[in-house]
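Presented below are the structures under discussion, each in the form of structure tokens.
Each of the next two complexes has chain A plus one more chain, namely chain B in the first and chain C in the second.
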Partner chain A sequence: MDVRTEISTNIPTSRDLRTREIRRKFKTSLPLYVLLLPSLILLVIFAYFPIYGLIMAFQDYSPILGISGSPFVGLDNFKQYFNSYQFLLTIKNTLVLSVYSLIVNTPLPVALAIMCNQIRREGFKKVFQVVTYLPHFISTMVMCGMILLFLSPQTGLLANFLHLFGVKLPDIMSNASNFAHVYVWSDVWQHVGWNSIIYIAALSAIDPTYYEAATMDGATVWQKIVRIDLPLILPTMMILLIMSVGNLLNVGFEKVLLLQNSLNLSHSEIISTYVYKIGLQDSQYSLSTAIGLFNTLINGTLLIAVNWLSKKLTNTGLF
Partner chain B sequence: MFKKRKSAVVRLSKRDQVFKVAIYILAILMIVAVLYPMWFVLIASFSNPSDVANGEVFLWPTRWTLKGYKTLFDRDTIWRSYFNTIVYTILGTAFSLIVNLPAGYALSRKDLLGKKWLSILYVIPMFVGGGLIPTYMVVKNVGLLNNFWVMIIPFSVSSYNIIVARTFFKQSMPEGLWEAAQIDGAGTFRYFFEMVIPLSKAIIAVLGLWTAVGIWNQWFNALIYLQDEKLQPLQLILRQILITNQQISANSTGQLGAELQQLAEMMKYASIVVSTLPIMLLYPFLQKYFNKGVMLGSLKE
Partner chain C sequence: MNRKIMFCAAALGVLVLAGCGKSSQNEKTGDKNTFTILTARNQDWGDAFQKGFVAKAAKKAGIKLKWDVVIGSDWGDKKSVTLSSGKLPDAFLGHATLTDQDVEKNKAAFVVLDDYIKDMPNLQKAFKEDPTLKAMCTSTDGHIYSLPNKLAPRPLVGNQIFINKKWIDKLGMKMPTTYKEFIEVLRAFRDGDPNGNGKKDEIPYGGGSSGMSSEILLNFVLPFKIFSPFGGGIADNIVMDNDKPIFQATTDRYKAAIEAMHSAYKEGLIDPQFFTADGAQVTAKKQSKTPIYGAAVMWTADAEFGVNADQYEALPPLVGEDGGRYVNSDPTRLNYNRNELVVTKGTTKKNIKKLMKWADAFYTNDATAQTMYGSFGVGTKKLANGDIQVLQPKTGSSDMFAWKNALRDNGMKYMQPDFEKRLVFDKANSDYAKLSIDKKYRKYALPGFPNVMYTPEELKTSAKLTTDINTFVTQKRAQWITKGGVEKDWNNYKKQLNAMGLSEFMKIQNAAYARWQDNLK
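So, the complex of A and B:
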């Protein structure tokens, strides 16, 4: 689709040879464009049209007038969000969940991978891996259902278990200050094994002669881990860290939404759930879009900043 | 530095021994920590509900019953939504592969004119998106609201999967093969369908599995785009049983209330088993493809 304009703008027609070369290339590329076409059409409709729709963040959008007819209001929607009491609350809750999650979920998979790497019995190692990956395939919905069942204050598994020791379990999900812990640690249970796969692969790629040399020098297992394993998987860790910082404000929206209830809302209302409620439940389309755009911008800035920092410090970067 | 301590080798290896044992113990504890909650859901779904509530079920079902399953299957919503999910998963996975694989292949070819710009076109949506409302408006405007196909078509293009496929084709399809095919008179289409696709079973399996699991677990799109209960997938019906009912059953009181609540609890355990068991049973056989997928994903440039 873009090709023809490219030809006419980039290459002066006077350069005959070049034009002929492009034409030949275009001809061989033609069937490739056909292969690209279905995905391009869908991409334009369902990814680029919505990006165009971001205009409504700067409008007082009304569905009757549409994007072309709705009046522009500048940054009013953003101002409205910044001035509302939900602004600091949603930012704070989002950051608490994501930073907490980052701090816990970055080192634990590394630790698990190193541990798995130390297991020498192949059969046991295999079982360990299969089992720890397993919860990853539980759907968010079922996971949240399980959390609610297990933490149920009177009849849940945890309550009954603590009852054996004479301890009474409080209603965890109604106490807002517990929300972050429940969210993060259930995530650990579900994904730590899966997230370790990439580190296990990085570890298995380490040249065994390093270990042999270290053994000759009398290094302990612990010393080998600290001096060999950790430095060699640091680049992998940095890349994954950059990627997760770039997604810092995209906390698991589905999970938060499902675990929310009116009693824990003060700690569980995050930007994306607020966007959903404002937009689809209250039909404030422009405000919701503005908040979503704000979220995207922060994410982009963070991604670029961390990438820059990482390049400076460790010479590894995403781009 | 280590040399001097050579005499201490025996002592150190003893420390290593302790370390080793500690690791095995930790590993076993973790296996238990992962498996026990799942095991508990399974046995609770077969046990007498009041035993579960009173904490008499820990390791083995007590007073076997299938009441939870019976109540669950008596709702015709569960059958219909299960069927819907299977259809969405099969059609959605097939459609997504049909759309994404050719794109990945085209972008992997060196002689594609405008390759750089096209690649950028595919990468941008990974970082910038219209967000909830603009996307909703587009889906609404193309008439997919409350439409069966909304679960299959709109979000089938995955830039991430296309890039993974592109990397795979780049690495595993030798240039010489394409040249040889050209000499034999094959064009791009014939080469793609008769050579590339049969040689790419690994990537097809990996991307297919990712997509299938994604669609199987998908519920939010269904929540906002599908109001008609007849079209809703299993996960959304599970939401009623597991999440939304939570408040209702907690509010009911008295003898009947208690019984209803017990039944609701049983149904929760049963619904978790029914919806998760297929994936759990298939998973050990498919595990190698998932692992391969993680590796392929990390290869993207």
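So, the complex of A and C:
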């Protein structure tokens, strides 16, 4: 009579098995979880906990009343921004700067990494790498000062250099249409070396046997780059592209603000500088939160879209 | 092994918690006569301001002060955290701590001072002598939440043009008296190599940089009756015309002025980098060994021109297009302030009357001199006849000495206008330099648009309008001066401003101005 029950108590169900398995795994990797804990705490405190501050975007916030006590105003703050004269202008300028910078800044580090990878002399390769990524460590503040000094039409480095050949440098910073070029190409100079490091790492991880086989088959250097290097670092490229699209509207705020002047304002007023002026300088916390939230929503949508596209086309994606 | 790790993790957790818990120091609120006062100062100013008069007055009023001195540059970031933390100091001292927006939006946290002010004899006397003082601090709801000050001794003339007198003499010219002559002199600066280095490196009119306020630019066209309020902000383009606030940047005289500036720019009389240089470049040019600037706008020459300061003199107000002479004057922003003492509601159980007695002691001639330049025996000296001598520091600038040893521009102050003459200055004092220029030209000062107060609703609307309108005006102005085209753009520009809500913006200004006028009565 009790044969069946006996069996069922002795042989664990699949569910029991799973919990036991999980418990065992947890026990063996406990040290890893402990290592993870501090960063998890930091993430929760500094990234997830503050999210509740977004409520401010729907309130007429006053610091004394706090988030719990400030009156709700619905979508008023959003309406105020959408009706603003600056709305389309700031969006346009932000998109121009970010898309331009994305187009330029995605292929160039790859090119640099491949170039670097082709250098055969170890010593020169190291020097080359360090020299290209060193400008990355210059602070934005100093960087903008340098840009303004170098481009000064009377006393600047560039003006003096061109003067040797009898060429007169135009006043670049006073021409609004130049702003995007100055912004993007100075960014390239500063960050291309740094951004290429990850590709150099990806390239060095490629199995040398591929190259050996290719050499045996008589492939040229160019063919090796196109047929081996590029396909193998494509997943890295796609991931980085997706991540930078997620930051598309977060154009470097300090840099734009520091390079702004009244002559290039028509092309240099972006969402974040506008938020700064209207929100922090005029203490309109709610309005600036609303604009910030709007910014984040666009970023999120773009991120998901590009991730989907990338999964369709190259089978790589963040999630 | 596992235990060790757990122990480490626990220790780490304790450390993190300890870091968080530090701020919850228990504050003794039991003492009814001890007040915590928060004030903002620069890092290098120190705490010497707490001694002398400020401490003596507290003793006399029977209160104890606990100072919470925050660094001015950090305060902007810390402010909203402090306000929302619920742990407010008993009072905020100095207009560097709270802005109008902060007070208006957080009224719920501050004590209405109306009843206490009735028992402040010195302040009452000051209100009677100078109604502006009362209008400055009366909020939009008719109550008083903060104490005001009137800085003294102070000039009526704001930033003004300083011109290289040595160059003028060298070129055999005279100090210009009209706009035409001014342009002639600038042309001669451009062509005559007045600094004598054989190079054509002179900049006739300079000093502008990308972050400048309007006055640096617009002093050039002052003869066109174009004014520029001190420090910009909401009222950057609002001036008084026949006792009415008007928007200056759509007037015909503004158009004429911009046209004149464009032709001066085209001729090379204005620094080609006027709108694009950064501050460091401008300072370098001002202080270069061989002077480069012919004229530039500033407070006093000795503060800015370095070794060549003695070559520069204040340009007398030029005879304008309409025959009048004008100076930029903005007394309610230059010399008056509010939010000098804001008392928080946490003090309701304390003896606020005594705190206000302490505050009232500041509104006398002697107290104002001491809080402006340093207490008797430190920065000032009471002379036998009742005059007050301002002592000159043995080393360093007198301005820095005053900031270190006194509240200077912050805190409660009022001096009777007649008493200002009884302050004895050393000629090397930096205030003296400005005051002696001011003595000559203050008669030309016209009333500016007062530093009015806005309701929270007005502030909310005008924050957006101000940013949009003022940015557009500044942008167009820079474009017209450097590239021309004001004639062509003018109608579209006016249309655009109207589309941005200029009429709503001016309605707010007029309403605020009407309230101001009521408060003067």
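By our rule, the second predicted complex is superposed on the first by the 262 of 319 C-alpha atoms of A that agree within 3 Å, B and C clash if a C-alpha of one lies under 4 Å from a C-alpha of the other, contacts with A are read in each partner's own complex, and residues count from 1 in each chain.
Everything below uses one rule, namely that contacts are C-beta pairs under 8 Å (C-beta built on N, C-alpha and C of every residue); 3 or more make two chains touch, one makes a residue touch a chain.
Since this is a predicted model, take the numbers as computed values, not measurements.
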Touching partner for A:P31 - first (chain B), second (chain C), both, neither: both
Residue contacts with chain A in the superposition, chain B compared against chain C: B
Touched partner set for A:P71, first chain B, second chain C, both or neither: neither
Which of chain B and chain C A:Q154 touches, first, second, both or neither: both
Chain B versus chain C as contact partner of A:A201, first or second or both or neither: first
Partner chain(s) touched by A:G123 [first = chain B, second = chain C, both, neither]: neither
Partner chain(s) touched by A:L263 [first = chain B, second = chain C, both, neither]: second
Contacts of A:G292 with chain B and chain C, given as first, second, both or neither: first
Contacts of A:L43 with chain B and chain C, given as first, second, both or neither: first
Which superposed partner A:K277 touches (first chain B, second chain C, both, neither): second
Overlapping contact positions on chain A, where the chain C interface meets the chain B interface: 31, 34, 38, 63, 144-145, 148-149, 154-155, 261, 280, 285
Chain B partner contacts - residues on chain A that touch it in the complex: 2-3, 6, 22, 25-26, 28-29, 31-36, 38-40, 42-43, 45-54, 56, 63, 115-116, 118-119, 124, 127-128, 130-135, 137-142, 144-146, 148-150, 154-155, 157, 159-161, 163-164, 189, 193-194, 197-198, 201, 217-222, 236, 253-254, 257-258, 261, 275-276, 279-280, 285, 288-289, 292-293, 295-296, 300, 303
Chain B to chain A touching residues, read off their complex: 2-3, 5-6, 8-9, 12, 15-16, 19-20, 23-24, 26-27, 30-31, 33-35, 37-38, 40-41, 52-55, 98-100, 102-103, 105-107, 109, 111-114, 117-118, 121-122, 124-125, 127-139, 142, 153-157, 159, 162, 187-189, 192, 213, 216-217, 219-220, 224, 235, 238-239, 241-243, 246-247, 265, 268-269, 271-272, 275-276, 279-280, 283-284, 287, 290-291, 294-295, 298
Parts of chain A lying in touch with chain C, wherever the complex brings them together: 30-31, 34, 37-38, 41, 60, 62-66, 80, 84-86, 144-145, 148-149, 152-155, 171, 173-174, 260-266, 269, 274, 277-278, 280, 282-285, 287
Residues of chain C that touch chain A when the two form their complex: 2, 5-6, 8-9, 12, 16, 76, 79-80, 83-84, 86, 99, 101-102, 105-106, 108-109, 210-211, 272-273, 275-278, 280-281, 459-460, 463-464, 466-468, 471-472, 474-475, 477-479, 482, 499-500
